[in-house]
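In the two complexes below, chain A is the common chain; its partner is chain B in one and chain C in the other.
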Partner chain A sequence: MRITWYHRKERLIVQRILHDMNPAVKLAAVTGSVLVLALFFNPWTPLFFFIGTLMIQACFSRISWKRYVFFMLPFVITAAGYLWTTVVFAAETEGPVIWSWAGFDVTAEQWSRALSLAFRVLAFSSVSLLFAFTTDPVKFALSLMQQLKLSPKLAYSMLVGYQFLPLLREEFTHIRQAQRLRGAGTETGLLHRVRNIRRVLLPMLSGAVRKAERTAFAMEARGFTGEPRTVFFEPVPLTRIDAAMGMLFAALLLLSSICGVALA
Partner chain B sequence: MCEPVISLENVSFRFPDKERNTLQNLSFEVRSGERVVISGVSGSGKSSLLYLLNRLYPENCDGVLTGNIRLFGKPAAAYTPGEICKKTATVLQDPDAQFCMPTVEQELAFTLENLEIGWTEMEAIIRDSLELTGLTPFRHAVIQTLSGGMKQRVALACAIAMQPEVLVLDEPIAHLDPHSASAFIRLLDELQKTRGWTVIVVEHRLELWEGFFERELVLDRNGALQADRPFTAPSAPPFPSKQTRAFEETALNMQNVSVSINGTRILREISFTAAAGEIIVIAGPNGSGKSTLLKVLCGIVPIDTGELAEVAAGYVPQSPEYLFMTQRVADELAYSGLSTAEEIQNSARRLGLLSIWDSHPFAVSHGQKRRVATGAMIADKRQVLLMDEPAAGQDAEALLELAALVTEQAKSGMAVVIVTHDMAFAAAVADSVLLMKDGRLSRKFRPATLWHEPDVLNAYHLVSPEGAAHRAAHFA
Partner chain C sequence: MLKSWKLKEIILMSVFAAVFGVVYLLFVHIGNIWAGFIGPIAYEWIFGIWFIVSILCAYIIRKPGAALLSETMAAAVEVMLGNAIGPRLILSGIVQGLGAEAVFAATGYKRYQAWVLMLAGAGSAVFSFGYGYLLSGYAALDPSFVALMFILRVLSGALIAGLGGKYLADGLLLSGSLRGYAISHNKKGDAHV
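On to the complex of A and B.
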């Protein structure tokens, strides 16, 4: 196997800002934005916020946009689905009809509500992806312990779980291969597939339980007690950048709310 | 030197769900600076004893403990959780399941944070621990992508960082190839000399340790102390001697086979043949492509170029439960429906499966799981049996059983191909040995001649099973 290395990727200072931002502050900004956005029912606020989020992502981070689009695609489809169903199956059909097509009469009220829902999906997903694409899981866990005082028991469980993912995937492949030798996995049809998954899960989970227990022992043998820690080798600091970015998110939120309400 | 660091007095230990004691009435003392090995067959309670010494037990299993354990002159029960770790460091067996952080540096930092070492001292301790274990260039490497030998070194580096007085190790070399294992033991030897640690190791395969230990505590099957004696040069399990035979019919034939997985070339132009009834051992360093070769032979990994004659080859992975498809041992053998009820009964009798006939295949012992998997392969009418690392982590008794199983299958006309690091086992069962490195396969060696070619053995990270006693003399 080839050894992989852990290092900070080469990025311009400006493009590093979102990646270097304190994950706890970033989480607070994202959650706060989602909560505030939920209060607005006009289509413009989420639209402005969505555009603003994309701009922040573009200016202050460096990510693979190909991957970003790939992850964004399902949300765009969901948004389109919301738009369609809200227009077609709306409960309210009062008010002036703005356009008609193939027997459907669409009122201004319906249209605005549909757009509002669709843009809301886009706004929520873009801000969540912003967090997911720029946050290192280890730094996130460390920050949860340091800033949000999360119990180390939970934070390290999260980290170990994260380490296990590639191992589980590898094991899944090994089991599938071994069972294919016995004639499994060649049948088609949904029912067979579901049954096959169950067969793979039993050995995989029994292996995972064993591994988890061993890891827990190893951690405890190294002095891990789950008590809050007093020192951190890698402190995750709060800096002026975090304050600035926090204000930027607040400003974006305020601006899109005011403009949205004004336009509606 | 005279104060005992560990002393046990009439210690018995029982798991809450068991009726019988796992450890029986143990009394012994370990003095500072001693090198002690705790040996015994599987299930004799060796690991449980070790966990009592580093305080993982009895709390973690609600075990019932009687008698007195004193650690560093203080009753074991008087230690608060985590307190003993400042004096006793532990290295465990499974290289894949003893780390919780992504990189080497972060793992060391995790250890130091647990012990509440001041931030200013951390950097120096981390630097020293890496230097001593030769891991400095790997400080920022992702642990999961390192080899097994390197992972065990990381575990040792963490132990060093804890600045302990006692180091306990639970079968630390069970998953390493002989060369990495020897390197690990040499490193441990040097460190013990400079640091004056007390070293306690649980181990049942002692050949590779040569003259490392001073004293051996042997536990018997019931977890009682069978012997407390000076350590003597070990020898391999008493395998029955092997007779050379002649083969005629070719069972397996592959020519110039190359395989790539995800763009990486794993196997390079491999050619080899196996005759019906022949037992072939494939050995070589970790990551050389041995497991992939087995998967190619049984057709679960496709080949890119080259030829492989169509043959029904059965495969027993290192974890035999990967193969199991049903809830009963009996159904496991009948699963393919290729054998008659009578044939299945016959092979079940031969493999000793009738006593567990109605058990769940996940609920039997590891050796029995392998027998069930072998039985399933025989019932599938496979003419070739491929086994991946069947000897890893097995005690002498299990190895003898495995050797008997393999030999019997070969006698019935199956070609058997085994991937293993265990050269004593290879010497006992193999008709021929093939060596593998960087995806290339060597020519066929006769085991008897291979052991006298130290250059070849070295190049393939192997250690001859002969002459352990001879080398032990050099060790001290």
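On to the complex of A and C.
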């Protein structure tokens, strides 16, 4: 499979790297970065990491940036929320005041804390979107089983649940239509709304129970035992590119930590 | 952990996880918009919604691991659907599931009355708050504000997840579709047929 890559143009190969990367390695890189970033309270480390992640995304993947911005926007709003709550409800209120607004005195310490939490939200979201935009869900589940040794019973049933989603959406529409036809679900008021949630959720869940049973029987009838295995129908390989990308993330993390601490 | 599980129980859990994965993501977006205006406290009073699946599955399947695995799976489904919170959702799913699981384990997986379910919801809330404290840097906030967030989250866990989960499962039980799962055996009085 890797041989065919070299027949294509160089640009194309580079822009597929994140998409072809092993999902388990990507998962480890992304989760590891988030956990390390949580240790820093200076504004620079998450900011540098955020910029670096955007650069990696731009260099090594081909995505729709319009969609990217659309997904990012709610988290920019959240970051703004963190910014002002941290300023208003800060734990530290000592130190020199750098500016005042509407009766609130903001100290340098408070401001840098607030900025760091807000940038942290942005850094977390960018690295998460990197994962979400470049990872195929089925390949992700298979990789969990093959690289991270998740039990096949769990991995395959996870895939079953995932494959049911479009079906469940269809069923949701049917239930709503059927109920509206009978004049149900038109009441207003908070209590009725809560009861309406149950009215839709219950038939959906009982349908799900029946589907789950049928699927389990079908899987067992076809010889699925759920035993751990070493040979797979669809192998998800580990390559040198995965190692290189892992090191790239580690380097970015290290660099932004060092620069962040030095600047703060 | 999975040795004593039947395949149909695992699949049931994962299909429930898929349904609630979608519900969870929906509420993440609602919470996000709120959080922009009133800060991180926006999530607290609806936090119980994110624990429902573990209460529901533990109450229906009644086996060790039901709370932990279902919550983790729901988080995995959220990741598979793609969102900007990303893979660390799986970590928070594990943490939340462990909170509920700890309560069920403390009762020896034998008691499933309303108060146990409420405690389990509260357990998830306590665990997830500890995790959030570290990850979202609540240490930078005023302790009394953090305490208010904590109380809201525990109440939400006990009421929305604990009681809400029981309310849903009891409705399902009445519909008769849960025949063949531990919840209906125990209601009839013959334990574990």
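Basically, the second predicted complex is superposed on the first by the 250 of 264 C-alpha atoms of A that agree within 3 Å, B and C clash if a C-alpha of one lies under 4 Å from a C-alpha of the other, contacts with A are read in each partner's own complex, and residues count from 1 in each chain.
The definition used in the following text is that contacts are C-beta pairs under 8 Å (C-beta built on N, C-alpha and C of every residue); 3 or more make two chains touch, one makes a residue touch a chain.
It should be emphasised that the depicted structure is a prediction, and the values quoted were computed from it without experimental measurement.
Engineer: Should A:255 be classified as contacting the first partner (chain B), the second (chain C), both, or neither?
Structural biologist: neither
Engineer: After the superposition on A, what does A:168 contact: first (chain B), second (chain C), both or neither?
Structural biologist: Once the two structures are laid over each other on A, A:168 reaches chain C alone.
Engineer: In the superposed arrangement, does A:217 touch chain B (first), chain C (second), both or neither?
Structural biologist: Both partners.
Engineer: Return first, second, both or neither, reflecting whether A:133 touches chain B, chain C, both chains, or no partner chain.
Structural biologist: After superposing on A, A:133 lies in contact with chain C but is clear of chain B.
Engineer: Which partner does A:75 contact after superposing on A: first (chain B), second (chain C), both, neither?
Structural biologist: A:75: touches chain C, not chain B.
Engineer: Applying the touch criterion given at the start, work out whether A:36 contacts chain B, chain C, both or neither, answering first, second, both or neither.
Structural biologist: Touch status of A:36: no partner.
Engineer: With the two structures laid over each other on chain A, which partner does A:182 touch: chain B (first), chain C (second), both, or neither?
Structural biologist: First partner only.
Engineer: With both structures placed on chain A, which of the two partners, chain B or chain C, ends up touching more residues of chain A?
Structural biologist: C
Engineer: Which partner does A:160 reach: the first (chain B), the second (chain C), both, or neither?
Structural biologist: Once the two structures are laid over each other on A, A:160 reaches both partners.
Engineer: Considering only the touch criterion stated at the top, classify A:201 as touching first (chain B), second (chain C), both, or neither.
Structural biologist: second
Engineer: Is there a shared patch on chain A that both chain B and chain C touch, and which residues make it up?
Structural biologist: In the superposed arrangement, which is not itself an observed complex, chain A uses residues 160, 202, 206, 210-212, 215, 217, 219-220, 224 for both chain B and chain C.
Engineer: For chain A, which residues count as touching chain C in their complex?
Structural biologist: Those residues of chain A that touch chain C are 27, 30-31, 34-35, 38, 41, 71-72, 74-75, 77-78, 80-82, 84-86, 89-92, 113-114, 116-117, 120, 124-125, 127-129, 131-133, 135, 137, 140-141, 144, 151, 153-154, 157-158, 160-162, 164-165, 168, 198, 201-202, 204-206, 208-213, 215-217, 219-220, 224, 226.
Engineer: Okay, in this complex, where on chain B does chain A touch?
Structural biologist: 51, 54, 56, 60, 81-82, 85-86, 89-90, 92, 94, 96-103, 106, 109-119, 122, 138, 140-142, 144-147, 155, 158, 162, 264, 287, 295, 298-301, 314-315, 317, 319, 321-325, 335-336, 362, 376, 380
Engineer: Which residues of chain A touch chain B in their complex?
Structural biologist: Where chain A meets chain B, its residues are 1-7, 138, 156, 159-160, 163, 166-167, 174-175, 177-184, 199, 202-203, 206-207, 210-212, 214-215, 217-225, 227, 229-234.
Engineer: Note which residues of chain C are touching chain A in the complex, please.
Structural biologist: Against chain A, chain C makes touches at 2, 5-8, 10-19, 21-22, 29, 32-33, 35-42, 69, 73, 76-77, 79-88, 90-91, 134-137, 139-143, 145, 167-168, 171-172, 175, 177-178, 180.
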